[in-house]
Amino acid sequence: MNLTLKIWRQKNANAQGKMVDYQISNVSPDMSFLEMLDVLNTELIEKGEEPVSFDHDCREGICGSCSLYINGEAHGPDRLITTCQLHMRKFKDGDTIYIEPWRAKAFPVIKDLIVDRSAFDRIQHAGGFISVNTSGNTQDANAIPIEKANADAAFDAATCIGCGACVASCKNSSAMLFVSAKVSQFALLPQGQIEATDRVMNMVNQMDAEGFGNCTNTGACEVECPKGISLENIARMNREYLKASFKG
Amino acid sequence: MALDSKIPQGPLADKWTRHKNEINLVNPANKRLIDVIVVGTGLAGGSAAATLAELGYNVKAFCFQDSPRRAHSIAAQGGINAAKNYQGDGDSTYRLFYDTVKGGDYRSREANVYRLAEVSANIIDQCVAQGVPFARDYGGLLDNRSFGGVLVSRTFYAKGQTGQQLLLGAYSAMNRQIGRGKIKMYNRHEMLDVVVVDGKARGIITRNLVTGEIERHSAHAVVLGTGGYGNVFFLSTNAMGSNVTAAWKAHKRGAYFANPCYTQIHPTCIPVSGDHQSKLTLMSESLRNDGRIWVPKHKKDVEAIRNKTLKPTDIKEEDRDYYLERRYPAFGNLVPRDVASRAAKERCDAGYGVNATGEAVYLDFASAIERYGKEQAHVKGLNENDAALVKKLGQEVVKTKYGNLFQMYEKIVDENPYETPMMIYPAVHYTMGGLWVDYNLQTTVPGLYAIGEANFSDHGANRLGASALMQGLADGYFVLPYTIGDYLSHDIRTGPISTDSKEFEEAENKVRSEIDHLINNNGSKPVDYFHKKLGKIMWNKCGMARNEKDLKSAIEEISQLREEFWKDVRVPGDANEFNEELAKAGRVADFLELGELFAKDALVREESAGGHFREEYQTEDGEAMRRKEFQFVSAWEYKGEPKDAVLHKEDLQYENIEVKERSYK
Amino acid sequence: MSGILNSSIGRKFAMALSALFLMVFLLQHFAINILSVFSENAFNEASHFMGTFWAVQFILQPILIIGIIFHFTMGIVLEIKNRKARQISYAKNNGAANSSWMSRNMIWTGLIIEGFLVVHMANIWWHEMMVKYINPQPVDATRYYEELVEHFQSPVIVGIYVVAFIFLALHLLHGFSSAFQSIGANNKYTRALKGFGKVYAIGIPAGFVFIALYHHFAH
């Protein structure tokens, strides 16, 4: 199929960017979206132009690197996938496709479609851990039985890949789904209780300091999340935060 | 230089304890005076960085991704082995050790493997304490599954995302130390050389991938946890960015490269769909717990399937060839990866491949769905003979076990694997070879350590499923942090290492001149052209089956391709900006050298062992034929060109295990 | 506890609490208004009680006014902050793909309701203030029904009323369940709660509209 691509091009963080049109032909429906961009880039290099920069690595939907806003949606029109898992069979011959970087003040553009998501890392530094040293003599793993429902819910929250689609699709650029996924994972496990108060306070404070917006419960994040992280986690974080506020 | 593996004396089971008791320690006050560089933040690098920081060392950690959490360990699916014997099925440290050595086709070092098995149980305890949400049963205790090549259930898992959960555990341990200021994290930094001062590794040269800046970083020791080199094949299950550069630069600075030809070709990957393909996707080995692998018995059915006039579900039971169950009744679909891959290749080469390219076999869940469905119907007191109900219940069970893998398959292939069997084919997945290390995980360059997939140590010629995660975390959490202390104890009075020495100068200049060459080359072909071409040579001539003639021609072809690369590669853009093509060019340049050494190693190893299958050396029924005279580790010393590399041999002694024919029949 | 209103979660918690309070008030307001359809006397009695009982007049009424002003101000503060969190907007954004129109336009539906409240206060509440405190008239416990009927004779007022309540319904369609999510209530009852929220969000405004139309056409 033949497509028109409208892609955000921006030389570096300080440069002005703009949307640029590209034509691409002979796109196979079996290609992934990123493979389609590979083809475009090969053509650009052969023409002596600069290829389009985008983040990508594992190309199997788990590393969380890829991050494109495609036709007005994070990771494109398909559900429960990342951009690397989006296939061209979701598009039709003659389509025009808008490709933009995540947009948020807390995610400044580095180049073209690549943004700086280190704000997410800093939120994790603030409290996304359980303080246990590596000693080789922690208690036996089965000494802490955990109700299956809680273990499963903790796992579901823990599957967050930190891609930032939640921030990108939220009209307020809120990072609540991301932060709540980590807070929930530990809130659901007995190991996480000891530091629960400090964890949620520190992580939320860092989230606010990074310049993310507030949650207004539109639910866009949950719909666009490639791992289907539930809004329940945000409610749980709200509870944890309020509990911590009144306690602290 | 003679290879000294520094295996401690004494009985196998006591070696590690005794060694820990005897090596030197660094007191806590002195640890604050010592810097350690850790390159790579996957399971090995991430866990090592966190643990070293907990101990009190000043750690500088580097990764080329935008966050440590994106290291490719995250993509490991199935699980992690540990000799916990929670299932009471007779597992023990010795059995895990035995299975690993046998699985590796008797080409790994006994003492290392035993230590790995010994610390495996600690890993699970540690991870649970960190909040890693492993799968649990209804009693709230940890669940296990089985993996290939073993007869017990010792694999701990978190659905099909075990690697992700373990990596995020290590990442969280790192985050705690980053927050405390004990780890300084350098994201989007690529290591481009090791700096050796007075014979010791004292730092690295990196390129900031955002600004293009070339930086010098010094430390008292350097640890490489930079993963494997499967991307030398271009198409592999590795991430796009996975590369050999760090390990290769270390090799060029004096670290021996061991067993480069030992590559794991994983049997269950989604087949190639066309020339545009950029990578291959793995379907976890855990699927072989419940999936049955088959091809049609008759060529006419194969033809009909390829023409799409027949559906696989329409082929009768008696017209199917469950070739693994037929050839290996004892282990069936759960034979080790090398065996399963070769068997798939054998059937496809014989003309029984089931997709358009003839390179695919079926992985079928219909019987598992029926089995689970009946079980559920029985448990719930429903009609076990209602086929539709049984199917529905069975699909639900399969969904809870493998849901994310099935979804992944459906998105890529656009077929529903609950209804029709998956199509799979082997693909490059893991490299057992890597930097040669001694028992302390130190390379032949003092102060330079290699951990995880980057080293060669524990898997011999073939790695068992769910053992990569185990090794990465064992090295990073429980082995390296102790053994490195022995070396660093001599550095307590050294003080900070200056980056102004001539050695740093020389290394930086070398890096700069290579980058300048690539940027100013003005060739005509993009980097991928060379990478794809290299991949084709590797796959066709150094892939699942190798022979002398092909290997010799591969060496020739790779060497020519390398020459062409340096003459004709085109790298657009500048050196002083974000430039992915430049980064790729540097990586492919190193693959083009490694690839040749790989072929050379495969040529020299005139036997078949594990993932290395030489057509000249096979038994009558087509199984790998090992040769006693090759019971050694090949460690290659760099001498300028890959063809000039010098082979050093580390003989492998088996005192606690009887070396037998490796049979899974 | 200090500075809870400086945190994102604290602000949305406060927003939700004020919303829940306003929704309770709305229900009570509706309960009294609907009496007018069934019984003139009952309506007059209830209105007179609300208009004269000291606790309502001097405790609940100020709280209500503060609640409205707080909800309004905080809504604007949040909107400004949220807009700042994305400085460059998307060239193409398909919001409808992942969220409801109502959830994305709370600020607009809210502002329209606020505009209505100004008119409403000027018409009715200000009148009450005049009659009771500023320019006291003799107490007449039966004037409420007549005033109500008269109020709804104007087609303009009824028109504004209908439009405002449509926007209130849109506001509540998201706001009701959103308030519960914000205070951390998301559990097995959420589905039922959301269903009830829809009934409330449509039923109450429809009821108000019905009352207005009823009196407009019945007299």
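As written, the chains take the letters A, B and C, and residue 1 is the first residue of each chain.
In this section, a contact is a pair of C-beta atoms (placed from the backbone, for glycine too) under 8 Å apart; a residue touches a chain by one contact, two chains touch by 3 or more.
Protein names from UniProt, one per chain: A = Succinate dehydrogenase / fumarate reductase iron-sulfur subunit; B = succinate dehydrogenase; C = Succinate dehydrogenase / fumarate reductase cytochrome b subunit.
Since the structure is predicted, the reported quantities are computational estimates derived from the model, not experimental observations.
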{"item": "Chain occupying the most central position, where position means C-alpha average", "value": "A"}
{"item": "Among all chain pairs, the one with the most C-beta contacts", "value": "A-B"}
{"item": "Separation of chain B from chain C, taking each centre as the mean of its C-alpha atoms, in whole Å", "value": "61"}
{"item": "Gap in Å, rounded to a whole number, between the CA centres of chain B and chain A", "value": "26"}
{"item": "Inter-centroid spacing, chain C versus chain A (mean Cα positions, whole Å)", "value": "37"}
{"item": "Two or more partner chains touched - positions in chain A", "value": "none"}
{"item": "For the chain A and chain C complex, residues of the former touching the latter", "value": "6, 8, 19, 69, 71-73, 77, 98, 100, 103-106, 169, 171-174, 176, 204-205, 207-208, 211-220, 223-224, 231-232, 234-239, 241-242, 245-246, 248"}
{"item": "Touch list for chain C against partner chain A, complex", "value": "1, 4, 6-13, 78, 81-82, 84-95, 97-100, 103-104, 106, 174, 177-178, 181-187"}
{"item": "Chain A-facing residues of chain B, complex", "value": "47, 50-51, 54, 65-72, 74-75, 84, 86, 119, 122, 124-142, 158-159, 161, 164-165, 168, 171-173, 175-176, 178-179, 185, 187, 210, 237, 239-241, 273-274, 276-279, 281-282, 407-408, 411-412, 414, 477-478, 481, 526, 528, 570, 572-573, 577-578, 580-581"}
{"item": "Residues of chain A defined as touching chain B within the complex", "value": "11-12, 28, 30-32, 34-36, 38-39, 41-42, 44-46, 48-51, 53, 55-65, 78, 80-81, 85, 87, 89, 110-111, 114, 116-118, 120-121, 124-134, 136-142, 144-148, 151-152, 154-155, 158-159, 161-162, 185-186, 189, 191-192"}
